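The following pair of complexes shares a single chain, subunit A, combined with subunit B in the former and subunit C in the latter.
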Partner chain A sequence: MKKNLAPIDRIGRFVLGAVAAFSLLLLVAPSLIVVAISFEPRGFIAFPPSGLSLRWYEHVFANRQLTDSVVVSLWVSLAVAGITLALGVPAAFASVRGTFAGKAAANAFLLAPQMMPGMVIGIASLFFGAYFAFRASNAMLILALSVFCLPFVIRIAMARLAGLDPRLDEASANLGAGKLETFVRVTLPQLGPALVAAAAFTFIEAFDNVTVALFTSDVRGRPLPVELYYLVQYDSTPAIAAISALEIGLSFAIMLVLARTVGLERLGR
Partner chain B sequence: MSSAPLLRRILHGRGIWPAVPALAYLFVFLALPMLTLLAFGFVTIDRGRIVADTWTLGYLKAALADDLVWRLMWRSFWVAAVSSVLTLLLAYPVAYLFAEAKGIWRTLILVAVVSPLLTSALVRAYAWIVILGGRRGLVNQTLLSLGLIEQPLRILNTDWAVLIGMTQIHLPFMILPLLAVLAERDRRLEEASLNLGASQTGTFFRVVVPMSVPAIFAGLALVFAVSYTNFIVPQLLGGGSYSTLAVQVYEQTIVVLDWTRGAVLATILLSTCFAFVLAIVAFGNRLARWNEAAA
Partner chain C sequence: MSHIALQDIAKSFGPVRVLDGCSVAVNKGTVMTLLGPSGCGKTTLLRTLAGFVEPDGGRVVVGGRDITDLPPNRRQVGYVFQSYALFPHLDVAANVAYGLRVRRVGQAETQARVRKALDLVSLSAFADRYPARLSGGQQQRVAIARALVLEPEVLLLDEPFNALDAKLRLSMQIELRKLIERVGITSIFVTHDQQEAMTLSDRVAVMRAGRIEQVGAPIDIYDRPRTAYVAAFIGRANVLPIDIRGGRVAIDPAIAAARADGAAWLVVRPENLAIENAGEGPGWHGTVAFATPQGATIEYEIAISLAEPLRVVALRKVGEPPAAVGSPVRVRAIDPAACVVLEEGPDGV
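Let's look at the complex of A and B:
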């Protein structure tokens, strides 16, 4: 491989390496720049920041509207993670191990939300609610986001289930364990890491989502992404960088947990 | 033991029943809302209620006769198309490098690819405002201080900013499917090609790239769909007067509060998006089959 590269191959390798390096920089740099800007001591954004200060973090934590929206988002995301796990994991069981008429159609329907843009799910929920005189509210947001996130859970659980050996469950049953006992003591422990990944991924997705939230969330008691959306649209103070840096920190913490439990490669699929 | 097969059936969850709650949930909270959305484009709506006996194709006809709708659709289309191709050009080398890399390098590349996925698109759009915006923007600061330009470039609030933002934000969606395919590929054909005296570059274009055609088109279809329907990036990076079909759907529904118009445009957005995606997938399949035939 390393001996006597033809000139065309030298050029080829150089171009490939250069583009890859550029892409990787493009992927990482914006987030790093945002984090750097968040430490700006002055009132406007600059890069590199003119000093190191936590002024904008204090500003964020002192802003009641923002901290309230964080709390709203945390609750919404927890609820969405709970609902999607409760619905998605059993559904994945049927999808992988079930043999019933119309299975292909059922599977397609279960994964259908991933073909819908968040905006369309948001608007459809808003209209459907309005038809029954339900206004946009954070309950509506939770219901709509659960639709949006369900395929993530089902896909992660399906991938893991497909790799499990059903004979272990049979062995457990033959040894006299009940159905529930088998599920709790044999199947669930094997699924564990995948469920952690699914929950974490859904939580982040729900916490960050703005496309569904803009249409369905409560006008009072907005979640963080909606609050942030209006802020970004009309302003570019370093306070936004501070919120963003906190979000990036949260995502990284969750990603570390994921890397430990399931490995990163599985996430995209 | 005649009950054994039955026991086994239940144990394996062989029936549809574990999926019933999820299916019911999606029926109520996805299928019915989608039907409502569709219906709202063909009736008169008064305070969220359908006014009886007002079914009409008029709203759809009006939208399709509107020049603006076609112009916005065209912009949505070309922005999504260009940005999908750009993501492919940027993504392929990363995925290829990942397949060649070992140990810690693999992990680092993976972290670089996945971490933006875990950062909200809003945060990344904000980052681009900071980087591209005005005189104080990072790009202009650098170019001005290097003396390469005398006047700050106007990038923010143009097509360029929208393209750059979309491409960067959707890059991981393209890299991940390619990464999986390239890392697990069968390398014997390449070795054969190299042993027969082909150059590495020739082998890359004649063996590696054709083999990954299905993944390439899966990525293109996905990135096209998310770009075509993205209204956040055009709004934030394109500026207040910049509009696409998706932006128009948002504005009609949330700002103008013309739900009928919003519903009609959303229906047009979704159906054209599906049509384009199907076309991309069909083209990819044809290309893959043609490749197989050629090989």
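Let's look at the complex of A and C:
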């Protein structure tokens, strides 16, 4: 097929390929550089690294403050994923299947946090907490992050729900199933992949969010992104790169598991 | 007493009156077809019977029991959807077993009944296939097995052949008719295809704009349509404006009509017309406007002094050429008694 292309098309094809390759490079290169730096044996950041060493990984795992923050982040992210699923799926149901007055307005309201910068949500949560004398804590962090992440879950669930055949519900009812049983036997299994995807994205988002966490997290027992944020201010050792590389690895692992179980092409739906 | 009785069902969606007082009765073990063009309310009527639509007025009675207020999952009414609505995440056996699982039927009995139902529709070999990997005809049979395995009192089918190609359609229609006869279940079909209605049903209810226009055996409706709309919908018909004088239709040959004098309409089926040589004699005089040999028959359009040409279907003898286009001919009714006189013409004129 290439043989029959006119010269102008060939040039177009080349330009398109070059732009695509450059964009991919821009997306991937920073991550690769960070991973490379993390193997630097010396005490400062350098690229290309002068050797291959796991010294800074050892350093990270030996640092109680860092490992504690990882544990905090894991718990917070799990809680956020759970809460947003529990709230987002019923909300998606209401906005896709429901018929009630003010549905459009409710929809806009539910999806609004997505339009807002995380920082605004963080500061708003901080002031809101202060008003009720509710100290910045990980409970508050979880709440604020849940607000921030809820639209993701709702949108993914809505997209999948809208694609479901409502006749399937009728078929289920016709075969004798009540509403709850229909949900468990028909709707949920088909929603499953989308919910796994939503949970994974929410987890990753909550795990590495700085903008909201900065204002709402506990002073002690800070989550990893905030811990890192403070760390870079005093310290610029390859330890930062090592942690980043670990985080990249975690995200990659989650995506890999999703790709294998659900299929990446089904995640978008 | 009829097995299914829909009594005076009314339903509006917003300002649109979809069902305007529909009453249909179906005898036990017989097949009824709701026939009409799209938008006439036939599917809504069927969905009312299944409980998917709550009627604004009227009663739904099945087997002597008023089920108007029962939710769909408490009715013993099998439903085959136009799109079949098979569960895509379940294989064929699990689709068929669905209703039994919901009813908490034991594992052994479920398996036995699913096997029997799949045998009934000749799909035993496909038990572990997923719906996406079945042809349209196979999907339809799964949908039927899924409904029949619950041994419902009634089977409802919403345009079940729409998704099938024309060739498969006829053989599936005959198969389904045999299957229904074997099971002996009272069934209601919805279709807009009059040929399908003829093949499948004991009785046909022709619907128009939310009302039942005529109910009867398909061949009775064909022979004795009560309105021009029914005449044109079941088979093809020439609907001609005529005058009645002294209890007869004022054309030659005269057709008896027990009606008051005045304008009326005459329904003549194309096969009840014969083409004769032009010249003096009874009938309509005109010229051949169009002739198409169809194998067994020849279809003519004869231009007469009316807006619509006369449609004539003549049996064709082997080697016989059709009458030449433009040639003058005379058309007469073969059996005047088979012509139907109506007071109202097309579109209620």
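As a convention for this text, the second predicted complex is superposed on the first by the 236 of 269 C-alpha atoms of A that agree within 3 Å, B and C clash if a C-alpha of one lies under 4 Å from a C-alpha of the other, contacts with A are read in each partner's own complex, and residues count from 1 in each chain.
The definition used in the following text is that a contact is a pair of C-beta atoms (placed from the backbone, for glycine too) under 8 Å apart; a residue touches a chain by one contact, two chains touch by 3 or more.
Just so you know, these numbers come straight off a predicted model, no measurement behind them.
Trainee: Pick one for A:E181: touches subunit B only (first), subunit C only (second), both, or neither.
Mentor: second
Trainee: In the overlay, answer first, second, both or neither for which of subunit B and subunit C A:Q190 touches.
Mentor: The second partner, subunit C, only.
Trainee: For A:Y229, select first, second, both or neither according to whether it touches subunit B, subunit C, the two together, or no partner.
Mentor: first
Trainee: Should A:R64 be classified as contacting the first partner (subunit B), the second (subunit C), both, or neither?
Mentor: Neither partner.
Trainee: In the superposed arrangement, does A:R220 touch subunit B (first), subunit C (second), both or neither?
Mentor: A:R220: touches no partner chain.
Trainee: In the overlay, work out which of subunit B or subunit C sits against more residues of subunit A.
Mentor: B
Trainee: Where does A:E170 make contact in the superposed view: on subunit B (first), on subunit C (second), on both, or on neither?
Mentor: Once the two structures are laid over each other on A, A:E170 reaches both partners.
Trainee: Please report the subunit A residues shared by its interface with subunit B and its interface with subunit C.
Mentor: 170, 173
Trainee: Any idea which subunit A residues touch subunit C in the complex?
Mentor: On the subunit A side, the touching residues are 165, 167-168, 170-178, 181, 185-186, 189-190.
Trainee: In the complex formed with subunit B, which residues of subunit A make contact?
Mentor: 5-6, 8-9, 11-13, 15-17, 19-20, 22-24, 26-28, 30-31, 33-34, 37, 44-47, 86-88, 90-91, 93-95, 97-100, 102-103, 106, 109-110, 112-113, 115-117, 119-121, 123-128, 130-131, 133, 143-144, 146-147, 150, 154, 166, 169-170, 173, 179, 182, 204, 207-211, 214-215, 225, 228-229, 232-233, 236, 240-241, 244, 247-248, 251-252, 254-255, 264-265, 267-269
Trainee: What part of subunit C is in contact with subunit A in the complex they form?
Mentor: Within the complex, subunit C touches subunit A at residues 50-52, 71-75, 77-79, 81, 83, 85-89, 98-99, 101-103, 146-147, 150.
Trainee: Under the definition above, what is the set of subunit B residues touching subunit A in their complex?
Mentor: Contacts found on subunit B: 7-8, 10-19, 21-23, 25-26, 29-30, 32-34, 36-37, 40, 48-50, 89-91, 93-94, 96-97, 107, 109-131, 133, 136, 138, 141, 168, 171-173, 175-177, 179-180, 199-202, 204, 225-226, 229-232, 235-236, 246, 249-250, 253-254, 259, 262-263, 266, 269-270, 273-274.
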